[in-house]
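Across the two complexes that follow, subunit A remains constant while its partner is subunit B and subsequently subunit C.
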Partner chain A sequence: VYQVFESVAKKYDVMNDSMTLGIHRVWKDILMHKMNPSPGTLLLDVAGGTGDIAFRFINYVRSARERQLQRKLRHSQNLSWQEIAESYQEENFKPLGDSQVVVCDINKEMLKVGKQKAQHLGYSEGLSWVLGNAEELPFDDDKFDVYTIAFGIRNVTRIDLALQEAYRVLKPGGRFLCLEFSHVSNPLLSRLYDVYSFQVIPVLGEVIAGDWKSYQYLVESIRRFPPQEELKAMIEDAGFFKVDYQNLNLGIVAIHSGFKL
Partner chain B sequence: GRARLSQAEPRARPGHGEEEEVEEEGCYQLYPGHIPTSPLQKALLAAGSAAMALYDPYRHDMVAVLGETTGCLALPNLRDKMKHHPEGYRILQERPRIRLSTLDMGKLRGLPDGSLGREYVRFLEDNKVSPDTRMPPKFVDDEELAYVIQRYREVHDLMHTLLGMPTNMLGEVVVKWFEAVQTGLPMCVLGAAFGPVRLSARKLQVLATELVPWAIRSGLNASCILNVYYEQRWEQPVESLREEIGIFPPP
Partner chain C sequence: RCQLSRPQRALQASAVLRRVSDEQKEPFSSSSQQQFDSHPTSHQPEQEPQGPRPSYTGQGGQESEDYESEEQLQHRILTAALEFVPEHGWTAEAIAEGAKTLGLSVAAAGMFHSDGSELILHFVSQCNTKLSELLEQEQKLVQLGEAEKKPTDQFLRDAVKARLRMLIPYIEKWPQALSILLLPHNIPSSLNLLTSMIDEIWHYAGDQSTDFNWYTRRAVLTGIYNTTELVMMQDSSPDFEDTWRFLENRVADAMNMSDRANQVQSTGEAVVQGLMGAAVTVSNAETSGVVR
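Let's turn to the complex of A and B:
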């Protein structure tokens, strides 16, 4: 049974690619660009099981750090050889610049798949994996610079609790970012989207993952999820300021953002 | 996006949600495990399951789905054959199931060599298979037809026993040819036609020259295999049963 769950968790990535025709990768990239993390950022990625957001974060911060180091070296033209040699030493190098990401997920199998992926792709530094519930996070107050939840908040029973927890664990000045399926107002696209969701997605679930019911449920839960404005109000209720959202693909997906001040 | 198994409860949808749905799917389950599907979904499932079954032969669930989505002509045909035969009719009425919980394995093992029960158990043990691994039907939109396809699946291992074929790729293909002729299920026909794709040249030769012609001749000659109440014939010698049905001795 354990191994069955493991194989279904493995199929989730394949299913994401098939269902969204690979576009989910673009959505996640856009989220990362919006976040624009600088080296030294501490990120909490909730419901981030298989690590998509975490790996993108590490890549982003790594290249930001490289640029930072290059800029520093360029400005320090009058260094002695001694000083240049020292700056390349391991302790000072810090490829991630002290940035860290904690991946938190309620499902052990998803975390397992994420850890395996990390190992396979060569991610080790600045990455930790924690089993936890979005409605009751195992972290202290005021800890993180950024909180993300990508395609996870839809599965939370009490969204308001998850939002309150997000507020609690963020530092003052911290940012809340939520990437989630939302509502399409354009009537033509809405019809096409419905046909695709209800006719094609459960079939894909059956053929690829051998699981019709979960993907039928997925499609239904997307329809039940609060639309953009309602979610914005809920985020404001949790105490966040400057709450805003950005529609991607005409509302199929939306990024909501808020700040703890 | 992903659905979490831990939070997804399988629900029988009692009707439509408050949102509009473009296609009206069947409103309720006709039998436990039934998933109502629209014609478009059945077409997509048939195509998808066929492709996946070819790509990954270990996806037996895909073969099952293919059988269900393409069996709309063959299954009623089989059901009628059963209805018009005294033993088949009884099977439709009593709906026996072949499962480890319903079989007395000890008793079957104790039967004399050469009897159906003994050889069936030997087949299960030699090939390390169990009758409980057969998929229950999901996409058949008629409760009686769902039983017919379930019966066909559960009788499949007995086909192996009667034909004397193991569960390797070669043996499965031979049984598929026999079943294709017997049932007319498109899934069997496709399996029989595409199964050999993964066999070596030597095996293909044996297949083409000896096994397939024999399977076809037996299939055509034999009476409907679903009309045999196997559970009441465990003591019958395999050879006698073969003769009665009309299956020629295996090469």
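Let's turn to the complex of A and C:
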């Protein structure tokens, strides 16, 4: 698995766009809307190497924070000039409202690409990059508000261990969110999907990234991954409550959500 | 998957909540738990829109102190969130703040719909429960002979007034709540809560009059309640005097309607007169810029 992503890291984003015809951006946006994070949220994004989820999180929280500040100013109509000036000072301003995201990935190359992207796009504060294994996270218990793993859990050898680790590092009340390829129940779409996966994707892999084998592996790992209900049961086994899933595109992708209560 | 094995697992949050309440020595959390323990069934109806959920209460009759169901925890979060409504409105943010006061992560607000519907429905349901308790107490006093039985019009006036007074702390954000309750996916639940509240009031009012049939009685009181609520939204008089006067007039109209129905030969005519009065009132309330 490590080698697959080592070779794939640089071309990861390009391949994602071409494979999913750009729809993966929409999927990730939907994930962010579902999360609806409020300013002050601490997010752990596992297997999030190139930072897609992290950047979306920062954007979301930034605009939520702006709205929050606007509302606060509208409320406090009777402030003195000094109070208004103070509220605009840097320490109180907090454009992200104390929100933070920690991006954790097992692969150094993916993290490197992510850091470069962050610099290139101008994301500086609220981001941390940590090297770690989803089955054994280098964090303390009860730390994070939200744990996300987007298109990463199918690459984990022991999914149950990853789920247990997710449970451990989440605060009480914290949320587990998993965005992953899943099973299509509709027979017609299923056949089209199969044809696309096995005929088109490895070819794209060869043409764009020069790597047929990795993308063959990718497509096969999707087929081997447990379907929606089974994953839901596994998440419940790890101790999560109110576990639910939402199918996107008729099951090509599913978002699973659970709470540590 | 065997759902029965789940109740054995105590919710972690309950342990956290106990720790929090121990530290703060708050009587609040334990008393609210008692309140919700005794009202599990009354909360079931409006929870339907959220989808199926396992029912934990009554499992083997064993409810140890640190065991609570998801629903109870959700109720606790929503109750805690009410405190933040004047500041944040009926939003997911208020719910997030509520969760924080209980020692939970702000992400727990994700358990609820992001438009704040559940918070509003929870509040309405709570108000209705408080009203029922109030009416029950009053009835007991009457039965014990410690108080006089009120005439119907006064009873209705007092009941509607008591119920509307519960909105006063949240009055600024209440128009927002009303509009959310009118959203298509909320209408079944909000309508359900409204009609059961009206039924409760009539139940305690006792039905001596045989002039109205059951539907008319329900419709009339619902009309009175809704219009008074709208008037209250834009009332700026001290302690809402104007609203209570409006209420008095509407209840008097309703009583007169029944008298007139007795006197006049054709009851159809009387009903039409009553409806005209109601229509004029509602249009007056609307044109005076009620909904902001």
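Brief remarks follow.
We take it that the second predicted complex is superposed on the first by the 253 of 261 C-alpha atoms of A that agree within 3 Å, B and C clash if a C-alpha of one lies under 4 Å from a C-alpha of the other, contacts with A are read in each partner's own complex, and residues count from 1 in each chain.
In this text, a residue touches a chain if its C-beta (ideal position, glycine included) is under 8 Å from a C-beta of that chain, and two chains touch if they have at least 3 such contacts.
These figures come from a predicted structure and were not determined experimentally.
Looking at the shared chain after the overlay, A:185 reaches neither subunit B nor subunit C.
After overlaying the two complexes on the shared chain, residue contacts for A:128 are found with neither subunit B nor subunit C. Contacts of A:199 after superposition on the shared chain: subunit B is touched, whereas subunit C is not. Of the two partner chains, subunit B is the only one that A:12 touches; subunit C does not reach it. Once the two structures are overlaid, the count of subunit A residues touched is higher for B than for its counterpart among subunit B and subunit C.
Of the two partner chains, subunit C is the only one that A:241 touches; subunit B does not reach it. After overlaying the two complexes on the shared chain, residue contacts for A:70 are found with neither subunit B nor subunit C. After overlaying the two complexes on the shared chain, residue contacts for A:210 are found with subunit B alone; subunit C is out of touch. Residues of subunit A that touch subunit B in their complex: 5, 8, 12, 15-16, 19-20, 24, 49, 106-107, 110, 151, 154-155, 157, 180-181, 191, 194-195, 198-200, 202-208, 210-215, 217-218, 220-224.
Of all residues in subunit A, those touching subunit C in their complex are 34-38, 40-41, 68, 71, 75, 145-146, 170-175, 233, 236, 239, 241-242, 257, 259-261. Within the complex formed with subunit A, the subunit C residues making contact are 1, 6, 9, 11-13, 16, 70, 73, 87-88, 92-93, 96, 99, 102-111, 114. Against subunit A, in their complex, subunit B makes its touches with residues 1-11, 17, 19-23, 35, 38, 40-41, 44-45, 48-49, 51-52, 59, 61-62, 65, 138.
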